Amino acid sequence: MAGNSFGKIFKLTTFGESHGQAIGGIIDGCPAGLEINTEKIQTELNRRRPGQSAIVTQRKEPDTVEFYSGIFEGKTTGTPIGFVIKNSNQKSKDYSHIKDTYRPSHADYTYDEKYGVRDYRGGGRSSARETACRVVAGALAKQLLSNIEINAYTASVGQIELQKKLNELDFNLTETNPVRCPDPETAERMEAYIKEIRSEGDTVGGTVQCVIKNVPKGLGEPVFDKLHAELGKAMLSINAVKGFEYGSGFEGTKMKGSEHNDLFNKDGSTKTNLSGGIQGGISNGMDIYFNVAFKPVATIMQNQETINSEGKSVEMQGKGRHDPCVVPRAVPIVEAMAALVITDYLLQNKTSRI
Amino acid sequence: MAGNSFGKIFKLTTFGESHGQAIGGIIDGCPAGLEINTEKIQTELNRRRPGQSAIVTQRKEPDTVEFYSGIFEGKTTGTPIGFVIKNSNQKSKDYSHIKDTYRPSHADYTYDEKYGVRDYRGGGRSSARETACRVVAGALAKQLLSNIEINAYTASVGQIELQKKLNELDFNLTETNPVRCPDPETAERMEAYIKEIRSEGDTVGGTVQCVIKNVPKGLGEPVFDKLHAELGKAMLSINAVKGFEYGSGFEGTKMKGSEHNDLFNKDGSTKTNLSGGIQGGISNGMDIYFNVAFKPVATIMQNQETINSEGKSVEMQGKGRHDPCVVPRAVPIVEAMAALVITDYLLQNKTSRI
Amino acid sequence: MAGNSFGKIFKLTTFGESHGQAIGGIIDGCPAGLEINTEKIQTELNRRRPGQSAIVTQRKEPDTVEFYSGIFEGKTTGTPIGFVIKNSNQKSKDYSHIKDTYRPSHADYTYDEKYGVRDYRGGGRSSARETACRVVAGALAKQLLSNIEINAYTASVGQIELQKKLNELDFNLTETNPVRCPDPETAERMEAYIKEIRSEGDTVGGTVQCVIKNVPKGLGEPVFDKLHAELGKAMLSINAVKGFEYGSGFEGTKMKGSEHNDLFNKDGSTKTNLSGGIQGGISNGMDIYFNVAFKPVATIMQNQETINSEGKSVEMQGKGRHDPCVVPRAVPIVEAMAALVITDYLLQNKTSRI
Amino acid sequence: MAGNSFGKIFKLTTFGESHGQAIGGIIDGCPAGLEINTEKIQTELNRRRPGQSAIVTQRKEPDTVEFYSGIFEGKTTGTPIGFVIKNSNQKSKDYSHIKDTYRPSHADYTYDEKYGVRDYRGGGRSSARETACRVVAGALAKQLLSNIEINAYTASVGQIELQKKLNELDFNLTETNPVRCPDPETAERMEAYIKEIRSEGDTVGGTVQCVIKNVPKGLGEPVFDKLHAELGKAMLSINAVKGFEYGSGFEGTKMKGSEHNDLFNKDGSTKTNLSGGIQGGISNGMDIYFNVAFKPVATIMQNQETINSEGKSVEMQGKGRHDPCVVPRAVPIVEAMAALVITDYLLQNKTSRI
């Protein structure tokens, strides 16, 4: 059933396969009167683009977004914003070897089981190429959020972890290195490790952390649509994500209530923030922060034994141009999805009181 | 905006505050012709009920569900199933001390900020009492799932962790102890620890693990509504949950692709299952398993400094009848939400092919 | 698929069969802080109630609504409002004769074809008894609409038509007669005609007209969710409705553009109002008016030839207590559905601009 | 709030303004494995296209649809189908005279009131050009419906009405004349009248009738989403529509129940079909038929007095290339919307029973 839309009021629907003619989407429900800086949107897209640095895939896709509607004389009109990103690099031949072969830990097998048919060119719809559309919508949403700051960054690559605490980080440093880690020293080690992994024809996982500042109080809806539940779904819907935790997360399960409770200051802020800015599913004005776990990319440059669509064993040869670690390019995607969630709840919240 | 519904085709909407006249819900979209065993539903409710053992809250709520519609002569009719659970134990006076006071790490403050008004009796809508309605719907959904088995259990309490591997567990043992841990020896240690924590007037967190067996291939929808994304949202919407991971989860981020990929057997099953039964957001027929992190209950039996609605410091005295650890009673809730997700995708999947 | 909900932000979901234990519903998305007068809600219910006058069904149902949640100390809290109306008059024996028999022009046959099973007691879910829940929600919605006036009334019964123009009507007269026609002279003729029809054991159709005054400009959404499209759906979803037209309606199709166009006054109002207060699907501040066509009630007190579930001819004997004309009792239902539509769009419109 | 989507399972979302770069849409939820004949889709588009005959607008728009995704090797893949129709004829200068002027009975004024901003070029989003996207989706849906026949045709133009009964009509004649009336003699009179109206610089309204044959029993959902309620909404969402009636419609309100009831044959079919193929909101297998009322086009080639955005009186000169009667071009749009509704309910119905 239609699973290609996200959001209730600020709603993104995407289409497109990795090697079709184009990908694109429709942003419906963007309020009228918002000035749009399309260059800033392209800038965000460039952060996700292949070929941007030595440690990401060297595929060449310019990823230029074209807006077809909903923006007039530089402003949103309240009508749906249609956009398209042409696929300039449709090298279908690269993928002919997987037409009948199921790549391990990819979606080839499950798509075939579900639909009985599949666009086998490069992952088709299951390719992370689709996330370019999310970045477009998220970048547009960011322009609606004005002073709400969303900062994602690489928090770990394999076993290498960023050790600094949240309040020690300078987010201005995130974009100063290709790994997108706001601690230059750790970034260097991560970069070296990714290069080493790539030279082995292997891949590695990692985590992205995200901090959202200046969130108004009162965002989020009770019960099923808690703010962190929707954030979690948003993150888990990104390709290769295996986990989500916010505030104290899994570590918090080991604590006692007397240690974990965030005591109030008189102004309603809290002395600690193990709640991660959300209580009862509703933002309390403190920083929202969360971690997103990315598995190692399934496409490796090593030969693997696998099966084809007839259930016969075949050897799959590692080739192509893929990311040794998805985390650096995932950073803008995490930010985009966070922006979509916050924007939607901001709009939803306009109807919570008479 | 309406956040009290869950599911697209098999859809649960709930209502009710902890100390109002009743809680209840409507299950819409249940297929016609399903024989319903209402006793089994009550049995599931009893697993969640307060007062069931020495290590949970001693509040007395019989939690008897009454069905008002949608079931006729023992079968579902395809029309909405309305149900109600009366609140027999409306001891509002227990909560008068929190009328103007914000309990730390509860939703009192955020509800007031969002709505400007709040049913202050015992958490009102933010109380976990609402989850009784989820258990009703989940228990009904289970009857639709026939041979799909959903087994949740306590995997950790504080620092005490279940050490056995998935394939070493005997789920028949889960209900043999009040902690709901399928390893009796670990269960005993957990139980002792919970009692110790309670005697301190404190609380502790923990994790619930869930394994779903015999899931048909092909469940889940591409892109935003991936099976694990919806499972994650479902779990994160349960009170006190701080994190969700499936398959290899956060640990998997430390692995290499060559270690992490699940190689195929000729029948499409996989030799390992780090994917957790889901690839590209779609079930592949292997066991689905995931972990859910619960923070320590915020209500402790110790005095805490807090603020009132006028921003003045007040001391909050610990009293009442609360759970020292939410995990044992959360087990049936996790199962219920899993059942709702799987049922919804089973129905959604009926439309995926011509 | 779940078809028992109405509205996007202000959302009503109903449950219940005519002869089950209770009917009821959940109103989700009502803004917090609204003072609720429950007596006024009961008054609206009484307008729909059987037995209210000599020309409606003499069944006895007190139709008392109980609210279980979402209202605290007289105000809405922003949480879902659950309510129940007990069925005190479950005379199932009245309906035993239709257990296996399909009443002509009822939903017995189609429900059986769709679901393979059916609550045969008095129409079950297809009974108009369900509309009592709509009246509850609509009456609550009216309290949110403050100075927006919604006036429905009987405009025709069979061939007897109200001849007066909209601006000649005094809506204070609507409730002065059992037919609910604001022209006493016409009302008398209608009433006499309904009594005559009833004495023949027959039924008759009619139309309800509705005028909505003081609607803010800008309500309605472009393209698929035009204000009149949603109004039309709302009305067509009421039992026995066969048609909907607004503004110039079907008569307008015979006009020329030069006659039909509503020319502007300088203040944006229009000199004529053939548009019916809606242009391009969006309210323009002029009165919204529309007509709703109700067919004659299918249950007649005459013998009819019909078939049973085995496809055999059987004679159905006319008996029971039914309405000879549904229109007088439909008036509050039309108003309720109009109130739900307007309320939902008022809330939706809060997000149309930055 | 997002009002640019239609359907629950088979879901169309559209974007685009009349004079922007392109219009287009996304069809989400189309089952996999459907062979698509794109030429047939283009043929349907050509039925709606301007310039197709002497009695429609002479604007030149080739209206060529390009599919970007969701169709692979001639078959649907179950993933979203993105499509675009470029606007080749962006003569913005034609519309400069209405930048600050509100055309009577258009949506200019209401869009400005709602959004505070408006793409003033030729109606922008409120232009009927958007319906081209509906025709694309409807034509694709028709290919899923196989032997279900949807036949719409012109039933009246102004006062000229098609007099033949449904069973006397030969739908093969509909496309033999530019008016799309299946009775050639009436068609000729309608055509002459439209030409006369055009020569006066005026416009005229009319009605479209639609008959759907071979609809499976059981389509439609109870209560709010009755089959005819959704059909009504679909039709009322088409530009210029003022009314909808099905089966006996408004005429049926004048009948008695004893005349109006459709008595059964032994096979479940009915001797008469005043119900219009739908009982209790669910199809009964008989022909579904309904009427749709279109007002006269608001753009006339005569001077009209109107106001500008500053509330000053201005004279608007009639010019441009517009339809004297929208009905002939509306016929394929009515069919498209009917196809979308039926397709969606066919898919929904797959989940109605276990």
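Note that the chains are named A, B, C and D in the order they appear, and that numbering of residues resets to 1 at the start of each chain.
Methods note: a residue touches a chain if its C-beta (ideal position, glycine included) is under 8 Å from a C-beta of that chain, and two chains touch if they have at least 3 such contacts.
A quick map from chain label to UniProt name: A, B, C, D = Chorismate synthase.
This structure is a prediction, so every number in the text was calculated from the model and none was measured.
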Least hop count linking chain A to chain C through chains in contact: 1
Chain whose average C-alpha position is farthest from chain C's own: A
Chain centre separation in whole Å, for chain C relative to chain B (CA means): 39
Distance from the mean Cα position of chain B to that of chain A, given in whole angstrom: 26
Chain B and chain D: spacing of chain centres that average the CA atoms, whole Å: 46
Chain C, residues touching no fewer than two other chains: 1-5, 8-9, 14, 29, 32-33, 78-79, 114-116, 125, 222, 351-353
Complex contacts: residues of chain B adjacent to chain C: 1-5, 8-9, 11, 13-17, 20-26, 28-29, 32-33, 66, 68-70, 72, 75-82, 84, 114-119, 124-125
Chain C-touching residues of chain D, taken from the complex the two chains share: 1-6, 8-9, 14, 102, 104-107, 109-111, 113-116, 125-126, 130, 156, 158-159, 197, 202-207, 217-218, 220-226, 228-230, 232-234, 236-237, 242-250, 252-268, 270, 274-276, 278-285, 291, 293-300, 302, 304-307, 311-313, 348-349, 351-353
Residue ranges of chain C in contact with chain A within the complex: 9, 29, 31-34, 78-79, 144, 222, 347, 350-354
